[in-house]
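Here's the structure, in structure tokens; my notes come after.
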């Protein structure tokens, strides 16, 4: 049946995996103690979400926080909750509905790694004792399941918690309001007023999973789906970067000797440090991009908003068939969509209108990568942060159709998007609208997510 | 048409109505479509509409539990998962809307007793989520090579308190709007090699919430159709690009 | 609080041994095989019957008799008390089991091997005597569905307040926590199908209250029988069978 | 003589009457088990038992059940290499209230060259089939047969969703796409 | 009579075997199997106060479709962000009675959808001004738990559910209460010894009960949104389809309008047929006609229940 899909393996495949392993070979070309390639993605414009790709396994974690009353038994602590959903998106073997055994196991593992090991300082989440604390929730979405969910989910959750920023909250002195309301007045500061705060993490626990074969003698790190199906058992070690072990998890399967276990724990500690280093580097890249954006936003605020308005008004895309032709023509350089949607030569026609001026395609390419994966460690573009941000915006705006052929295989269609959105040469197109938003109307520049945190009790 | 007046100063005035995010009233946000990002699914697509991003995965047509199957056609199952938290009534209504829309274009009689499952995962939300989910579902169904009579595209409109119709609103605009409407249209090329798909005359799916006058609503349908046409052109171009790698 | 006035009247104006006004309606729902609405005073209960049909889950089917299933739910606003959370509580599971027990003894289950009869009960307003009302509503729906039964089953409650047996307690009377019994009876066969008593009481009291409840059952059975016959007559007249 | 009765009502002693449908016997008496109208039928003239039969009929008509030898119309729900399953919808021209499943086994599809029959080229899910009840089958389904000229598929839709027209005793054609599909076609008068 | 029974069997068999053709033939004649013309809605009744345990209740029947709405009022502390507002919490349940597929316990997709649709219509129509539910700024407000039970599901559930919700809200009466020094809610004008609305067990004394506070205020509803579901079938518009017709329809369009002529929602959840502007306009026109019928029914019902309730857009 379909539901056995993930664990189904033919005998010859199993034998092949085992035989290759005897020669220290794995079917995807790795050595026994190699991780698959780990990639991190942090969305540029939000705090608290991370996508981790471990080979083809892809997991997204989203951190959200709400300021509410604490649990009565722990009045001076916030809380940390994990929710893992194995939706059919990741694998046809997963079913909709209540979390199954696998999801519960993954959830429990995250709790052991990040909450029970006291990795996150919950007392620091207290704003007003007994009244208001931060309840932090981590939703882990498995998007693609190609083996070793435990490590990928742990890494995604950790990355999201490290990238998470919460608005600063301050308590008004005096505390007592009117009448019987003894609730203190808690003020939340918008992110553009006070820098949002990161969570304080005492250590970085990482899950390292081994697949065990042949009575525990043969071992692979980071087993793929097929290896997991062939394995006789699994062992997950949760280790910190300082060589401490937070938890061991061995769900069933064959038993292994103590000496082998200790050997694997040592390997796990070394690997955890290695992986954490990559994670830190990715976060540094994300942090730089974040600062660059903030500086850009501040800079734009200082600039003449009126001028920007005029500039932006120069080019607009008009939805065809509704606006009158005169107005569309007035849109300087804007791709008129009637032309685009016209029967023949559509791309050539509009391409002419959008021919980029003065920027070669390699620059545009870099711009596109920057925008696509801000989380990747990368060199800072050009001098100064303000300039850097401007270049990013400019490059993105300028990629016309001419940069299409060089684009990464991710099928990033921003160029066509720009064409449709009607972005013109040299002006920021709507992809940057979020930055511009702050410039044009500073008060409404908050993101939707942020708007949930409104000042309380003021 | 009335909506031209509604959209702000007339053509001669030289000043366009500008939104807080620098767009004009009839301007869509930038779109991205990544086809086949997932390995396990039979088909998948990631659709970005400005700040809203939805990942869609399609499984099937494949066998399903016998209580769900239909002896004469393939059944459609939709799973809509929010970015954080658990699925509630809003998500279930979105599931129903996407399901009926997919049922409208799927050639279901070809695969009796099977199910086509579409899983939609919100990666990031900033307005126009239903339209984004519909587009992602459409792209993923195409990627999965499920037999479809047509594809479909969708667009979102918002009517501001000043009575202006905005195309493709972001979350802040949706929040402030009097009414929001999502419209989906079936699309297909009318001739081989057609770059610009033709949209069907009628509305395939529609959901409006908030007070509107009849005129506003019909104007919104027209405007939504025009906006959806832009989306269809983009979807087609993105599809051709992804297929060109195969040829 | 005084439950029986010196004139011998209860708070809702009844005499101690008086039933509330009963009302029975049939065929109130369209998509089931039989349905009924039973009202005793304010207490209002819908029942629907699906079946007999092949058991949903083959493994549950019994080879020598029909499987009786019972679902019970009450509206969140059904009682005078604060709004209760929905969902199956222990009490509603217990009620469903009581109704199922009464029906299993009533329906000629051995005539319908491998089949399933499902009874769904929805309480809209619970003003005392809910168990009895559920059983009566279920009986009427079963009869409406044309499922063969041994006999009618009619249920009625009675209680003991202020040293006096009272028939068919309403919510206010029942909330005192005194003795309350619920009896279900096959009137033609004269067999007690169900007897349930809460709170402790002397044997004499129990006997007095139970006897009163039995009389209530017979009265209720009469009313239900009359309503059923009336229903059949009107149906038959419409079809021209009589 | 007709009277409206309620379940449990004592009708007649067993000594003088026989229990028919809608009744049961308890302690030497016939009781009604249904709400409905009771009827007395005179005994069959030649039989040994000369007691009249008392029965209670529900107000509605008696349910229709498929009997051996009945011609039924059914809708195919499932096919596999050995048999086709179908829901029986009508017996003769009377519709059934409840749904009954029937199966057409490979050997019952047609009378001639029964060993060359393939289920897949005889029926598809959704087809309406006229068939004969050949056996009450097992506890789950009736056994049906289409092994006669006038039995077989009477209505089928093509992939395009259009009703197909029979073009031979084993082929039907879609009038829209002109595609020919194989069926065990019923010969209509 | 017997002959007639015999005659009706043929069409029954036809209906069973060829349900699509059976229906198409009717529609082609401008009629429907239940005898209605295409543009006629089913008979509708509204009964208020069916359940006196609720603070307000309404039983709505549209043909066979039956929906029961009940409102229970409770006192809450307003949330920090909205200190001047109460709440209306809608929940919808498809009871086990309503159709053979419905199962109790878990919320079905249909129940969730209805919940969202009704909440959206009430919100976007501005039916309840939440500030009217305030008792004391930042300290106490009413929360109206609006529970909808679908007792019989025979098509047009949204229309019936919205009507039941609206009728219950329009008939809702709020007890006059004060907040005493300790922050407890007491009946207005009651002496200190008067019973508190919430006692220690959370048992609330019914506002309408004999011991409850006497003065009451009606919750005036801001508008009267009603909905009409139309089916598109072979290019024809079919008003208020029942369950069987809904299953057969090529597409369904639900239009919500209110008494000020505003269009509060148009919902078409996909389907095989597309709706062009003309079809949408006919649906809207049909919804307006239906609104007049239903609104007058509702006013009659409210009047009969001596509820001044809704008195026009100016309130």
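Read from first to last, the chains carry the letters A, B, C, D and E; within each, the first residue is number 1.
The rule we apply is simple: a residue touches a chain if its C-beta (ideal position, glycine included) is under 8 Å from a C-beta of that chain, and two chains touch if they have at least 3 such contacts.
The shown structure was predicted, so the numbers you read here are calculated from the model rather than taken from an experiment.
Touch-path distance (fewest steps) from chain A to chain D is 2.
Where touching is counted per the definition, the chains common to chain D and chain E are B, C. The largest tally of C-beta contacts between two chains is found for A-B. Of all chains, the one whose Cα centroid sits at the greatest distance from that of chain D is A. For this pair, chain A with chain C, the centres built from the Cα atoms lie 59 Å apart. Mean C-alpha positions place chain C and chain E at a centre distance of 29 Å. Here the CA centre of chain B is 48 Å from the CA centre of chain D.
Put simply, the C-alpha centre of chain A and that of chain E have 42 angstrom between them. Multi-chain contact residues of chain E (touching two or more other chains) are absent. In chain A, no residue touches at least two other chains. Contact with two or more other chains is made by residues 239 of chain C.
Those residues of chain D that touch chain C in the complex are listed here as 2, 4-10, 22, 24, 26, 31, 33-37, 58-60, 98, 139.
By the touch criterion stated above, chain D contacts chain B in their complex at residues 75-78, 124-126, 157, 159, 161. On the side of chain B, the complex with chain E involves touching residues 88-90, 92-93, 95-104, 179, 181, 184-186, 200-214, 216-218, 221-222. Residue ranges on chain D touching chain E, taken from their complex, read 61, 73, 89-90, 93-96, 128, 155.
Interface of chain E with chain D (complex): residues 5, 9-10, 12-13, 15-18.
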